[in-house]
Structures are given as C-alpha cells and as structure tokens.
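After this come two complexes, each holding chain A, first together with chain B and then together with chain C.
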Partner chain A sequence: MLIFSDYVFYTLAAILLFAGLRVITARNPVHAALYLVLAFFTGAGIWLLLEAEFLALALIMVYVGAVMVLFLFVVMMLDINLDKLREGFWDYAPLAGLVGALMAVEMTGIVGVKHFGLSHVNTPALHAADYSNTAELGRLLYTDYVLPFELAAVVLLVAIIAAIALALRRRKDNKYIDPAAQVRVKRADRIRMVSMPADVELPDMPEGEPT
Partner chain B sequence: MEAQVLHLFQVLWGPWWDPIWRVFAPFWPLVWNLVKIVCIVAPVMLSLAYLTLAERKVIGYMQVRIGPNRVGYYGLLQPIADGVKLLFKEIILPTAANKFLFLLAPVLVLAPALAAWAVMPFDLDLILADVDAGLLYILAMTSIGVYGVIIAGWASNSKYAFLGSLRSAAQIVSYEIAMVFALVGVLMCANSLNLGKIVLAQHGGLLNWYWLPLFPLFVVYFISAVAETNRSPFDVAEGESEIVAGFHVEYSGMAFAVFFLAEYSNMILVSTLAAVMFLGGWLSPVTWLPDGFPWLFMKVAGLLFLMLWFRATFPRYRYDQIMRLGWKVFIPVTLVWIVLIGGLMQTPLAYLLHAGVPA
Partner chain C sequence: MPNPIIYDLMAARPELLVLCMAMAILILDLFLGYANRYVSYVLAQVTLIGAAILTVAHHTPGVSFAFNGMFVHDPLADVLKLMILLSSSVVLVYSRAYLERSGMYRGEFFALTLFAVLGMMIMVSGSHFLTLYMGLELLSLCLYTLVALDRDNARATEAAMKYFVLGALASGMLLYGMSMIYGATGSLELAEIRRALLSGSPDHAVLILGLVFVVAGVAFKLGAVPFQMWVPDVYHGSPTAVTLLIGSVPKFAAFAFVIRLLVQGLEPLAIDWQGMLIIMAVLSIVIGNITAIAQTNLKRMLAYSTISHVGFLLFGIFAVSINGYTSSMFYIAAYVLTTLGAFGMILLLSRQGVEIEQLDQLKGLNQRSPWYAFIMLLLMFSMAGVPPTLGFYAKFAVLQAALQAGFVGLVIFAVLMAVIGAFYYLRIIKLMYFDEPADITPIKPTSDVAWVMGINGMLVLLIGLMPEWLMELCAYAIAQSVE
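So, the complex of A and B:
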C-alpha cells in the first residue's frame, strides 16, 4: 500500500521530469530558466524525503535564491534571436542524438537495477526525530574533512578575487563618487555667501515712454 | 487534539467510518496540516490587513493628519473596504505581456512569504513544524520571493517595470547576504538552527536576549530587513519619482493588491524573525512575569511600528548609496562581529554570549 510519502515522491518526481524536459524543449530561454528553477525546487523536495534537509535547503538557498536569479538577469537582458539560434538545428540533430543516446546507455549501465537496485543499496537508516542532519554535517566538515573543506574555501576565494581582478577596469576619464568626500563636505564648501545691497527703487519713469 | 478530532469523526460516521478511513488514511496528514496552516495564515492575513490601517493612521498622526476615519469607528473597517474595492476592480492584462507569467508573479511573491510561517515558534509548543533546520528553511523560503519581482518586471513587457524589477532584485540579493550573516551570529551563540531552541537559549530576562551581546548584528539585521522588504527608505524598487511605480506598474486590481499583501506579510515575517532571534521571542522581559505569546505579539508590534516610523521620517536613499551600505558597510561589520564571536566563544568570556546548549 502506498503511504503518504510515496504519493509525495511520485508527485515530485513527475514534476521534476516534466520540468527537466521543458528546460530543453521550451522555446523561450526565460521559460527554460524558470523551468530549471522549478526542477531545482522539486529536487530539493525529493532530498527532503531522503532526510537530507540541509542539502535540500542549501540547494534552494544557493541555486534557486542566488545563482538562478543572476542567470535570469542575464537571460532577460540578452537580446536573443530565437530563429538565428535555431538555425541548423536539424544539421546537428543526428550528432546530438548520438551523444544523448550514448549518455543514456552509460547511465543505465551504471545506475540500472543491476548495480543500484534495492539488493545492492540499502535504504538509508531512519534516524530519530531529534537527529540533526545539519549538526552532523558540520561536525564531519570541521573534523574529518577540515583540510579539503578549507582547501575548497580557499579555491573559491581565489576564484572570487580573480573574477573581480579580471573585470575591474579603472578608467581615468570616469567620474567616481567618493563617499568619504561626500560625508566630509561642509556647508562652507557648497555655499558662498554674497553680500548684495538691497534693491533700490528706481526713480519714476515718465508714463507711456517705452522702456 | 488530532486524536480527539479523529474520534469525533468516528462517532459521527458510525459504521461508515472504517471503509472511509481505509481510502482516506493516506491523505489524513495532508488534511490535518491544511487545517493547521489555515489557523496560521488566517490571523496573519487579518493582521496584515490591519497593518495597512495602522500604517496610514500612524503616518497620518506623524504628519498631523487624522488618517482614514470614515469607514467604521475610527476607520476600523477601512481595510475591508479597500479589500472589497480591489477585488471588484478589473485586472488589466497588457496585450504584449506574457499572460501566464504575468499572473504567476504575484503568487510567487506571496506564497514564500506565507510558507515561511510554517516553522515560526509562537510559543513553547505552538508551532506548525518543529523543523531542526528551521532558520535555514526560513532563509530558503524568503530567498524565493525575489522571483516574483523579477518575473513581474519581465512579464509586463514594460521598460519601467523591468528597470524597477532589476533594481529591486539586485537590492534584495545584496541585502540578503548581510541579513544571513547577521543571523549566523545568532545561531553561533545559540548552537542551533532550530528557532525554538534559539529562543530558549535567551531565557533569563531582558539582559539575556541576544540584542545586547549581538547589538551590531541586531542593527544590521533590522536595517537589512527593511531593505529586503523594499520598504522606505530603501523603496527604490517603486521610487515613484524615478520609475513610476517599479515592477508592479502594469498591475491593477487584485493582482496589484497581492503584491501589497506580500509586502506587508514580509514586514510581519521579518519583524517576527527579529523578535525571535534577538528579542527573546515569546519570553517575558522579566523573570517574575510568565512567558507567552502576548510578549511575542508586543515585540513584533513594536518592531512594525519602527518600520512605519522609518517611512514617515527618512527620505529615500540614492541607489548607489544603498549598494554601498549593503556591500561595503554591513557585510564587513557582520563578518568582523562573527569572527569576534567565534574567538570569544573559545575564551572564558563565552558566558557573555550565553553560548551553549539551552537548558
């Protein structure tokens, strides 16, 4: 008999498959990106069913909340000519089909029932309600895997700084705003007090004369 | 509670109960959770309706006006009148708009704002889902809200809407970092991601709440929260004088109202989160008074009043200054304080942070 979580799993799996399919078949690149968001979100739901709550929530936070937002930015602002993009689709189709078929064969060879079936992979052990996936992950990361973890962090830092260094281009002819100068500005820098004598009423002109 | 409801059904349906239950049993958790969700969402909706009235009244009095006072006593029925009016207005679809996404966007803004309430502890046992990584869940949910803004701007097929959505999305993504870092300090002190445990770690009165040892983080969090919700003085997303009304310029009727519901719902959410993380949640400020939900309500109301006060007081930030404040001021401040907390926790002074597993 199906229990509640089975219904949830099959619903999520169906949505995930549909979304994945639409990512590659949607004509509009923005739609494709949004379907990818849906696929991430649904994938996170399936991970939750596997009791991997930290991974699931991190997937939503990092990929859905940050990476895909920037991705959408780019896709929305690009002027993509769909017809030009689709040019030569049928010329490449046989090669793409071959690559796809090969990948499918390889995948079924590895993750098929023969090697990945229920007899080979045990169901993950169920943990008590007070088991904290996050705390466990943190403990492993900062004890057994602390060096690889820190190495990965340093690599990421280098990548960030390299990206900034590559993109940073100081131009001499640009005007830069200096916030410190803006804060330091005094009243005297902006205002010049001018002493002007009060208006003196002009003597009466004779009437009717053009001025 | 759950067992009593089931028993009541059993008595009511008599002999029919067993066959019905056999079919219905797998769906029972869904139904029971839906009932609980309604019990949370309905009060949230009601309070956000009255938050709009409170905002108009508070700002009115601050500007020496009276505010709405015609519908009902003291204008108390004004939110209902507004709601009815918006419901009956026509929703205009721009001809060149992407219809599906245009209508999906308001839903995408409101849904995460409501979904985040699932893990919010209102009292010691009053919580829908006592998730262990509750804080992570809230952060994940609030990070989805930005999609509604981006999609609304893009689907409207209007330059003003698109520019507004880009500004808004960039701002939300930037301030999210400072906000998350501010919360990281709290979870380091409390040793937990569970919101209930974070509240319990602050037991012992006003001076044991995290606002005191983590004061810079509290300030950064609250200002970032105002920026996250696109409230004044950070409301460049809908800066009327610059880009008409931002990402929802093409919306009308109820579709427009849903954006406003989401904004106010987010305001209540970030205020509640601030109260839970820094102001002791449902705990009472003095030990000789009992803890309970009324304290949380009062703290949230106070924080919301601050937000309304900000709106009535401050002029709008310039966009480049917003970005500078987020990236060059708030993020370094939070990072320094996190390192400080981490170092302090290793010294005998750790008791200052009330660090450790709560009793």
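So, the complex of A and C:
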C-alpha cells in the first residue's frame, strides 16, 4: 500500500530521471546545465525523504549554489560547438544502446527487490525530531573517518597543483608591475647625469651624396 | 594517557613525513630560481630516504590497526613501503638529467612524485575500502598530471587524456563493485568483510556482481588483458622520466591492492575470482608476448613486456596459497628492479636532442660502451627469464607455486610463451653486440647515475645468484600479514 512519502518519492524520482535524461540530450549547453540544477534539486528532495537533511541542504548550497553557477559561467564563456561534439553520435548510438541495454538488464537481475528488498535489509530506525544528523556527520568525519577525510583534502590539493601546473602559462611579453621594484628604485637608476660641453661644433656633413 | 589520535599518527609516521615534505617542497620551490632547483631535488631524495629509515626503524613483526581499522601497520606494508621508497629514489636519480633537458625540472614534478609515493604508501597500508580507494585516487591523479606535465608535447597530452578517461572509468567500476560488496556484507572494512563472508550469510549473487567489478577495476590498474589498452599508449606517449615512474613503482602498490582486496578481504570468494584471474593471466601472457615481437619502438615493446609480466604475476595469485603470494611478491620486486634498470638505461643513453626511442638506436652499443651493453644484457636476460639472472628465479617461483596448486597445463603453456617472449629481448642483445653502431658519440652519464645504474645491474645478477634473502623477506612479509 502506498503512503504519502511513497508518492513524493515516485514523483521526485520521475522528475530526476527526466532531468537526467535531458542533461545529456539537450542541444543547448546552457539548458543542459539548468536541467542538471533541476536534477540536483530533486536529488536533494529524495535525500530529505531519507532523513539526510544536512546532506540535502549541502547539495543545494554547494552544487546548485556554487558549482553549477560557476559551470554556467564557463559554458557561457567558452564557445562550444555542440554539433561538432555530437558528430558520430548516431553512428555509435545503436551499439552503445545495445551494450547499455544489456548491462541494464543484467544488473536489474541483481540490483532489485529480490536481493535488496526489505526481506534482506531491515527497515532503518526512525529518529526522533531532535536528532541532528549534522552533529552525527561531523562527529563521524572527524573521529572514525578522519583518515579518509584528510586524504580527500590531499587529493584536492593535488588537483589544485595539477590544474595550476597544467594551465598556468607565463607569457614572455607580460608587462606586469613589480611594486617592490618601484619602491626600491633610486634616483640613480632612472636619471643619468651627462656632462656635456655647452657648445659643440658640429662636423660638416657631406651633402648630396647618395646613401 | 596520551590522546589516541597520537597513536594513530605515530602508526603513519613515514606517510606524515612524506606529506609534510611534499608541501614544504612545493612552497620552498617558489623561492628558488632555476639555478637552485637542485635544492628541491635533494630535499625530495632526503624525504624518500628519511621515510625509508623511519619505516625500518618503526618496524614491528605484528599486525596492528590505526585510525579505527582503516590503516594497517604490518610487515607486508612495511616491506612494500621500503621497496616503494627506495625505488622512487632511484627513479629520481635516473630522471634528473632528462628533466633538466626537457624543461620539466620544476618543483611540481618533485611534489607530485612525493604525493604519488604517499598515495602508494596509503594503498599499501589500507585495510578499508575507503583508504584503499583514496590512496589509489591520490596516486592516479598525480600520475595523470605527471604524464601531461610536458604541456607542449602533443603525444604526452594525448596519452594523459587516454589515461585519465580510462582511469576514471576503472575507478567507477571499482567503486561500483565496492558498493555492491558493501551492500552484501554491510561493511567497508576488509577484516569485517572477511568475517561476514566466512559466516556465510551474505547474498552470493550480489557479492559476485561486486567481485566482477572489483576485479575489473584492479585488472585495469595492473594493466592485465583485456584491460590493457592504455598501457602501450601511455608508456609510449609519456615523457620517458614519467614512463620510468609509471612502469615501475606503482606496481608495488597494485600488488598490495590485489593482496589486500582479493586475499585479505575476499579470499573466501577465491573459488570465484580464481577463474577470472586465470583467464586474465593467460590472455596477458599471450597478447603481451606476441604483440611485443611486432614493436619497433623500445618504450612500446617494454609496455607489452609489462603486460606479459603482469600475467606471470597473476600466476602466483591464482595459486591461492601463501607460497603463491610470496612468489608473486618476489616477482613484482624482480620486475620493478629490472624495469628501473631498463628505462633508466633509455634515459642514460639519451642526451640533448637524441631520445632513445627506436630499437635501432641501440645498435652496436657494445662498441660504444661495453659496460652499459653488459648491464643491458643482464636486464634483458632477466626480463626474458634466462638463468642465472633475477628474472629466471622470479618466473621459476611463480610457476612452481602454480604447479603446486595443480595447474600443470597452464604452467607448460606459460613456459612456452616465455620462450616466445625471449625472442624480442634477445633481439636487443643481438642489436647491441652484433650490429654496427650508427651513432658513435661516447656515453657520459653523471657519476651518480653511473653508480646507481652499475649497482642496479649488478643486483639483477647477484640477487639472481642468491635469491634466498629476498625470498625470505617476501615470505616473512606475507606469512605475518596474510592469514
């Protein structure tokens, strides 16, 4: 028997699937990015149903609020020719579709109610209203899972190093200003005192000769 | 009583040293001009040697866990870490001149190498799916970047792209498999998973689905057929110094990954993964050896040779015995020592404007330098498995382990394949000794490279003559760590 939360789940799941499909089929990259925002938002709704309130809000704030906005900027700034990217899409589509469908059929044989249904997994206990999963997450991250957490930080550091090492190009003709050099400069560096005699006789220039 | 986190951190002392020094080098390097770049190099070497000393000093025979069961400190981890640190140090010695030549002599190279070493050390010490995976990603991310570090080289960029895309796919498969195993056993910790498997309650169908994905992910990282497509392109396209790194040290980490995941965690499923490994081992030996014959490019040839070596390595694993794992560990140590020498020799023979890429460039090496020709001869004998070199004993050990497990037919087949494979190694020896050199420039390596190469070549011969101590070291590491 379906209860209210089941209806919510199926509605959200349907929207999520639709949005996900549109992300890869939309012709306009800006539309694709916007559908991705919708997918994230709906995903956050499903997480809320699972009582993962903090994660749901973090997903909206981090992915929708920060990552996707940045992504939209990039998409708008780069001139991406989608038709060129899609060249050969229909050549590969039948084979890729066949492989994908086969894998989906094989996997649904296992990943389904038969092996993961409620007869195999106990229904998770419901928590009281004052249960804070933010505090729980924080406690786990900084105690039991501190090693992978710190390692994730190192991976991000490596990602930054990689991005800078691969993308930063120092231009040779870059006319940047070095303030320290400007402050340190002495009069002697800028002005050259030349003592010249007051009056100099110019030598006679030969005239009319071809050069 | 001290805070428990102190105990945890103490268990990971070598890792902490490498991490701190990698960051220190990264910052310090900003203040060094090109002329002082050797400071970064020396610091990286000091870090590797220092961490190796810490690993030895800190060694205890028993198995202990830290970080809530996520990090294991056992003899297997210590021995492999020592090997990783020492071989990384050799990699840096060999690659220095190449880096200076190709404009890659930058702080990032050393920092990324150290981060890659850190990733390998974490993999070696991982006793939890999360730690193993984080270590693997740390290593892979560093390697992708190192391949692409020579930015204006189109071939290197292409290799990095292929490596990155296929690596991401493999990571995805590995994670999916791990999630299935988690779904079946309810734990990410290897010891817990083993307990759950032995109790017999988990859903077998789900486990097998997870296992297939995990094995596929691991096979990709090892470069075993049918997941070997990236190996030749990446070896060929990368700057040779990076090929040297990718081709050698990470194999230790990949071996540890196999032992931790398949043996320590999923050994109760051995009957299921054994078949998959047999297929991959046989295919790797066949495709690796046969395709290598057709190569004219030295780096591509060594890449296919790597694939066949991975096949031999798997013979020890699918024997599913302590003896088999020990032989595999010996094999990987022998393989890395030989590969270091082979790629090191390519770097040593190259000079400004002349990169050794083609087999023909080795022609008449004996007339140019009998000593280096002799070392190359030892290395090629070792790869082919000719007695009395190290490679012979390594092949002998894994095949013996497989024979004890009752795989007579497979062993005979492997020996036949090894004989076919000997052709392309011996061809190099023929080129070096019986052909006239096209280029007679004398070979002048710097003294550190000359010494390390000499020691490397002699070790291949000497350990081949006296393999007992290395075998005992591997046996000790495996016996203490694998139940």
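By definition in this document, the second predicted complex is superposed on the first by the 154 of 211 C-alpha atoms of A that agree within 3 Å, B and C clash if a C-alpha of one lies under 4 Å from a C-alpha of the other, contacts with A are read in each partner's own complex, and residues count from 1 in each chain.
In the analysis below, a contact is a pair of C-beta atoms (placed from the backbone, for glycine too) under 8 Å apart; a residue touches a chain by one contact, two chains touch by 3 or more.
In this text, all values refer to a predicted model and were calculated from it rather than measured experimentally.
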item	value
Touched partner set for A:G65, first chain B, second chain C, both or neither	first
Contacts of A:A165 with chain B and chain C, given as first, second, both or neither	second
Partner chain in contact with A:A93 - chain B first, chain C second, else both or neither	neither
Contacts of A:Y7 with chain B and chain C, given as first, second, both or neither	first
Chain B versus chain C as contact partner of A:F54, first or second or both or neither	first
Touched partner set for A:V105, first chain B, second chain C, both or neither	neither
Chain A: partner with more touched residues, chain B or chain C	B
Touching partner for A:P179 - first (chain B), second (chain C), both, neither	first
Chain B versus chain C as contact partner of A:V146, first or second or both or neither	second
Common ground on chain A, meaning residues reached by chain C in one complex and by chain B in the other	none
Chain A partner contacts - residues on chain C that touch it in the complex	5, 8, 19, 23, 26, 67-68, 70-71, 106, 108, 111-112, 115, 118, 122, 128, 130-131, 134-135, 137-138, 141-142, 144-145, 148-149, 151, 180, 183, 203, 205-206, 209
Complex contacts: residues of chain A adjacent to chain B	1-4, 7, 30, 34, 37, 41, 44, 53-54, 57-58, 60-61, 64-66, 69-70, 72-73, 76-77, 130-134, 177, 179
Interface residues, chain A side, partner chain C - complex	107, 110-111, 115-116, 120, 143-148, 151-152, 154-155, 157-159, 161-162, 165-166
In the complex with chain A, residue positions of chain B that touch it	26-27, 29-30, 101, 131-133, 136-137, 139-141, 143-144, 146-147, 150-151, 154, 162, 166, 169, 173, 176, 193, 320-321, 324
